[in-house]
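Pasting the structures in now, so scroll down.
The following pair of complexes shares a single chain, subunit A, combined with subunit B in the former and subunit C in the latter.
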Partner chain A sequence: MTSPTSPELESIQTLKQIAREEFILPGTSICGGCGGLEALRLAAKVLGPQTVFVNAAGCFTLLATFPYTPFKGSWLYTTMASAAAGAQGVRDALDVLMARGKLPAKDDVEVVVVAGDGSTYDIGLSATSGAIFRGLNFWYFCYDNESYGNTGMQMSSSTPYGARTATTPVGIHSQAGTEHGKKDMFEIWRAHRPAYVATVSPRFPIDLTNKFLKAKTLRGAKLFLAHAPCPTGWLYDPERTADYARLAVETGMFALKEAVDGVVTHTYVPRRHRPVEEYLQGQGRYRHLFEPTRNDAALRQIQDQVDRYWAGVHETTGAAR
Partner chain B sequence: MLRIRFHGRGGQGMKTASRILGSAGFHAGWIVQDSPVYGAERRGAPMSAFTRLAREPIRERGVIASPDLVVIADETLLADLAAQPLLGCDTRSTVLMNTRKQSAELSPLGAVSREAIFAADFTALALETTQSLASLSVALGVAAARLLGLSLSEALAGVTDELSPHLSAERQAKNVALAQVAYARAEGWPIIQERQTTDSPTLVTLVEVAFDPPTVAAPSIYAISNSPERKTGNWRQFRPVLHAELCTRCWICFVRCPEAAIALDAHDYPVVDYDQCKGCLLCVHECPTHAFTAEQEVR
Partner chain C sequence: MTAQQLLTGNAAAAWGARLADADYIPAFPITPQTEIIELLAQWSAHGEVPARFVTLDSEHSMLTAAGAAAAAGARVFTATSSQGLLYGCEVLYTIAGWRVPLVLVNVSRALASPITLEADHNDILAARDTGFLQIHAETCQEIVDSILMGYRLAEDEQVMVPVLVNLDGFTLSFTREPVTLPSPAAVAEFLPAYHPRHAYIRGDKPMAQGTAVLGGAPYSYFRYQQQRAQDNALTIHQTIAEEFALRFGRRYDLVESFQLDDADYVLVMSNAFASKGKAMVQWWRTQGRKVGLLRLRVVRPFPGAAIAAALVGRKAVAVFDQNIAPGSGGILYPEIAAALYHEPRRPPLLSVIGGLGGKDISAGEFEAVFQHLERIASGTTVIGPLLLYTQQERDRVRTLLQIAGKELSA
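Up next is the complex of A and B:
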């Protein structure tokens, strides 16, 4: 077995530089075809075994259900509101132990919050804001399935306009399903000036790996929003997870980008964006926009919002894979 | 009262099956109740659902301990300790099993009598008629309705009530067609009668759980990487099968498998861990050379 993706590497160029070794093993209760797990598994290949994952209640709490764990490192389960506070406690404890000589520096571990969008965008935002503000040296991985998944797909402030959820059903007065727009968590995080913020997609594993490699060289808050196609909640066949992950990026609905010390770079700008409909169509949560009658106004609104975003982007960064 | 317990895996539609049966019963004039129960689990993991049909208001709630009919969507559940679909069955219980096997090959099933085991390949019926595994709910809900003596029109009314209003007209029609086929498939089977006498429920003594401090009561796992001991291979409906002669060893399937169920051998050929692979079929869908095919599980 090779070691995790070598930390001496600054970046990788091909799939075959991704670590062969696994750091999240099979046998968990996560749905087959979970896009969030695909992203976390790839991230863990860079983070390696010396990690403690600090989890906020959500789907991924089922990764480690007593008495089983898929991890080679540690796991701490916290409440939805307090994962970042948990990370602060763990980080502080490690630092104190090292300062007192009770923990050799070589046994130090990376502290990694793993939280869903409900926790990240809504319930736990306050604790995260505090942790970034205090300059906590930690990682934050949000797998964004755009709803409260574990409890049956209720709307969160990450749910995009036009998606149907259990709490935003389609009706005479809400033909679009969710009427709110998705909160811009990237910008909210960036406004705190953390060391690093990035968006990642499981379908762009080289881009994902390189962002984790880059963050590994930085101290402070390293924050990731992972697009997490969710067959169970978005209502599509699990084999299509990578398709929707790719289409989200190719349509421009999900922008791959990073910000180091607040300066934003788009890491992949498709030469021409595909129409958003290619991403929306086939996902059950958007079916009402196409059937039984087409909701042109809602579709236009989604397309316009994407177009407005990209009108403000002037980079032409090449091919991410 | 008639008590029906459905067993399936998350995603096989047994919650909907139990609702279809409930709605069909309602259309037939019964007082009905249905409810599902999930563990802290996801699509693929065992779940069950309960339907009660009665002539009097139903005061019972929760799990059905002594079922008149048990509907099993997936044979692998028989061996699953988290499911135990035959629990509480007695000599008067009936089993409806979705399987490729004949009912004779299935018995003995606990205390259930040989004559009360009915088997058919509803998965094949569903795939033939609707090309969708999701409509297993329709097939089993309707077959159960027939076993309880409900008419075809009552069963169809149940289906129409419970199908998602967001389904296209074409899919609706296919599901109705499947309902008719599934009903016909069950027509040769005898109708389950309500039990005349109900055994009085046995009283249980409640055990008081003493308070333990969190250091004792909070679960801690001191092992690492032991999740593979819990095999998730039974979740599969289809298995990915590699045709190595087509494989270009590009790593794509290995990188994409969310489960880490694909390893690469010394020559970079993918090796699927069938004990764990959940059958999401991402690898089949993603392989650029179509070196993986999906084959239906026969168990």
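Up next is the complex of A and C:
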């Protein structure tokens, strides 16, 4: 499905090379300290003003609340399950209108799905699978706060093992809170062989910007999972969003990577991963793993899972530990 | 060039989309609608229509893509049936609220459970309150014509609401009838290219569509606007019908009156089985019985005034519902009753349910309905709904039940 549409854009090396112009303006009703919005803000700087954000029900649905919109581009709210199908309709319509001479090419826009993990991992997965399968030329931005956040932090299939949510409370029968592991959406997407799939973090803006720049040269499905620390749902002080975003990567819990035509590259591999506890501690959703008594078994399971993942990475890349 | 051909109802629907010069056709297969999208897929593949044809992954996705393409400024056609219409029902409400014009054909098929294939109207009437306009067709000709009229109605600035055109599965979808196809040039004069002024997606004119509202006041305002649009559609439909009649020689009103002028008794019917009712009316007329038929055609907006005007002063009226709302009865009966409530000369009404899942309505059953109407007219109270069923059908089902080791229940 991959075919370049424009020459490789220059990748950036420093923060100063990130565009100063904002395409998502401040003053929205999104929670202070939202990691997802920061990631989308950075992404929009690459996408530019000629965009339409096609939205699925979730926190970000409240970004455009009549009569306001923070976007310099366009917006279309669809349903929770079918944002990718909405992107299909818009992309197809623009293509056919241009082909029939009813829309000048200069007025074309980038079509960008914006959806949370509840939509992405659960109810909307079928529609997204269909759009990737059909080779649709579109962007997909998932702000992944690992829960149904807008409804008050219930478990989604992105909720990691050990996190407490409103529907996976800690009790005698479930001392870890969420007992399932997180669905591996990166691999599910990659199995569709999209043009591009990547994970991004708001605390790694250069990495994020370069991934969007790279994707901009490709036609087909360009899919992004953005780590979205969520003070409201994860129960920490909003000023610590940047810390948790960084720690998720430095502990190896959130791997920064991309796949072009299915070939995976890890774009940031810390020389030495910090212990996962540094990321977990301080987040209210993991508090039961530390208080009133330490749940060593659960903490070991989380650390082991991360270690296993990276052992596999090092094995395939041959990189030294 | 005007060509007459033998076309199935499904082919007529496909021709409607072709003549309307649709830009975009999102599709998903479901019996008995599938022939429509197969034909359109072939035409698209051979370059006979310029429309982009795309198979989606479900009706929910299909209707989202349809609405989104209309929101981007394209003329959109799509089709479904039955379970598919219900699977996409959330999106029907959503895109009607977007106020985007498109035409969706529904080929009626009874709903599960039990799952079956033949027609009744529980599917289309489940979409009654979605905000779509609804036109119910009786013949293959009317399918083509209603699609063309539907686009005019949907794209009218005073309406801007999507349209559902309904036809019955099997009885119409797979029945060949002579259909006069107007020339593309004549259609283009009646239905010019769509130039979106309210809903579009363009780089030079950014716009937020489908935005959230907070609080009841803005929500109610936009919902009332949908009611206004439907009110407007009643008048605008008649203007379009007059123009259509002038150009093409076929006249379609909100309701169709058949042998009503001097009728004492009236059958109210819709869709393909209205043809059966008309045949009975003609037979009764040879027997000297003054019976007529009122066919419901535009069901949303509900043409209450036209219905009341046609029914006041009659001796008795039977409302046929080819659907069932368990616990209530027929779905259209209370709407007809409401339309007549304020009329001092309102006729007595009989609620009749028949034709579920494609079950025939036999001459004997029509005769039984007529006898009930005579009794009502002479002052007897008949409490409906009358559930039509023949002895022969009862015997047949008794046999099936015996094979299943069960007995016929009362």
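Operating definition for what follows: the second predicted complex is superposed on the first by the 305 of 321 C-alpha atoms of A that agree within 3 Å, B and C clash if a C-alpha of one lies under 4 Å from a C-alpha of the other, contacts with A are read in each partner's own complex, and residues count from 1 in each chain.
Everything that follows uses one rule, which is that a contact is a pair of C-beta atoms (placed from the backbone, for glycine too) under 8 Å apart; a residue touches a chain by one contact, two chains touch by 3 or more.
Just so it is clear, the structure is predicted and the values come from calculations on it, not from any experiment.
Looking at the shared chain after the overlay, A:Asp107 reaches subunit C, while subunit B stays out of its contact range. By the touch criterion stated above, A:Glu278 is placed in contact with neither subunit B nor subunit C.
Touch criterion met: A:Val52 reaches subunit C, while subunit B stays clear of it.
Using the contact criterion defined above for the overlaid structures, shared-chain residue A:Gly130 touches subunit C, although it does not reach subunit B.
By the touch criterion stated above, A:Thr65 is placed in contact with subunit B and with subunit C alike. Applying the stated contact rule after C-alpha superposition, one finds that A:Leu15 touches subunit B and leaves subunit C untouched. Of the two partner chains placed around the shared chain by superposition, subunit C is the only one that A:Gly89 touches, whereas subunit B remains out of contact. Legend: residue contacts after superposition of the two complexes on their common chain; A:Thr28 is shown touching subunit B, with no touch to subunit C. Of the two partner chains placed by superposition, only subunit C is touched by A:Leu97; subunit B is not. Subunit A residues 61-62, 64-67, 69, 71-73, 75 lie at the interface with subunit B in one structure and with subunit C in the other. Chain contact summary for the complex, subunit A toward subunit B: residues 15-16, 18, 20, 22, 24-35, 37-38, 41-42, 59, 61-62, 64-73, 75, 164, 170, 202, 205, 231-232, 237-243, 284, 287-288, 291-292. Within the complex, the subunit C residues that touch subunit A are 23-24, 26, 50-52, 54, 56-58, 60-62, 64-74, 76, 90-91, 94, 193, 201-214, 218. Partner subunit A is touched in their complex by these residues of subunit B: 10-11, 40-45, 166, 168-169, 219, 221, 223-232, 235, 250-252, 255-261, 263-264, 273, 276-282, 284-286. Listed in rising order, the residues of subunit A touching subunit C in the complex are 49-50, 52, 54-55, 61-62, 64-67, 69, 71-79, 81-90, 92-97, 99-100, 102-103, 106-109, 126-127, 129-130, 133-134.
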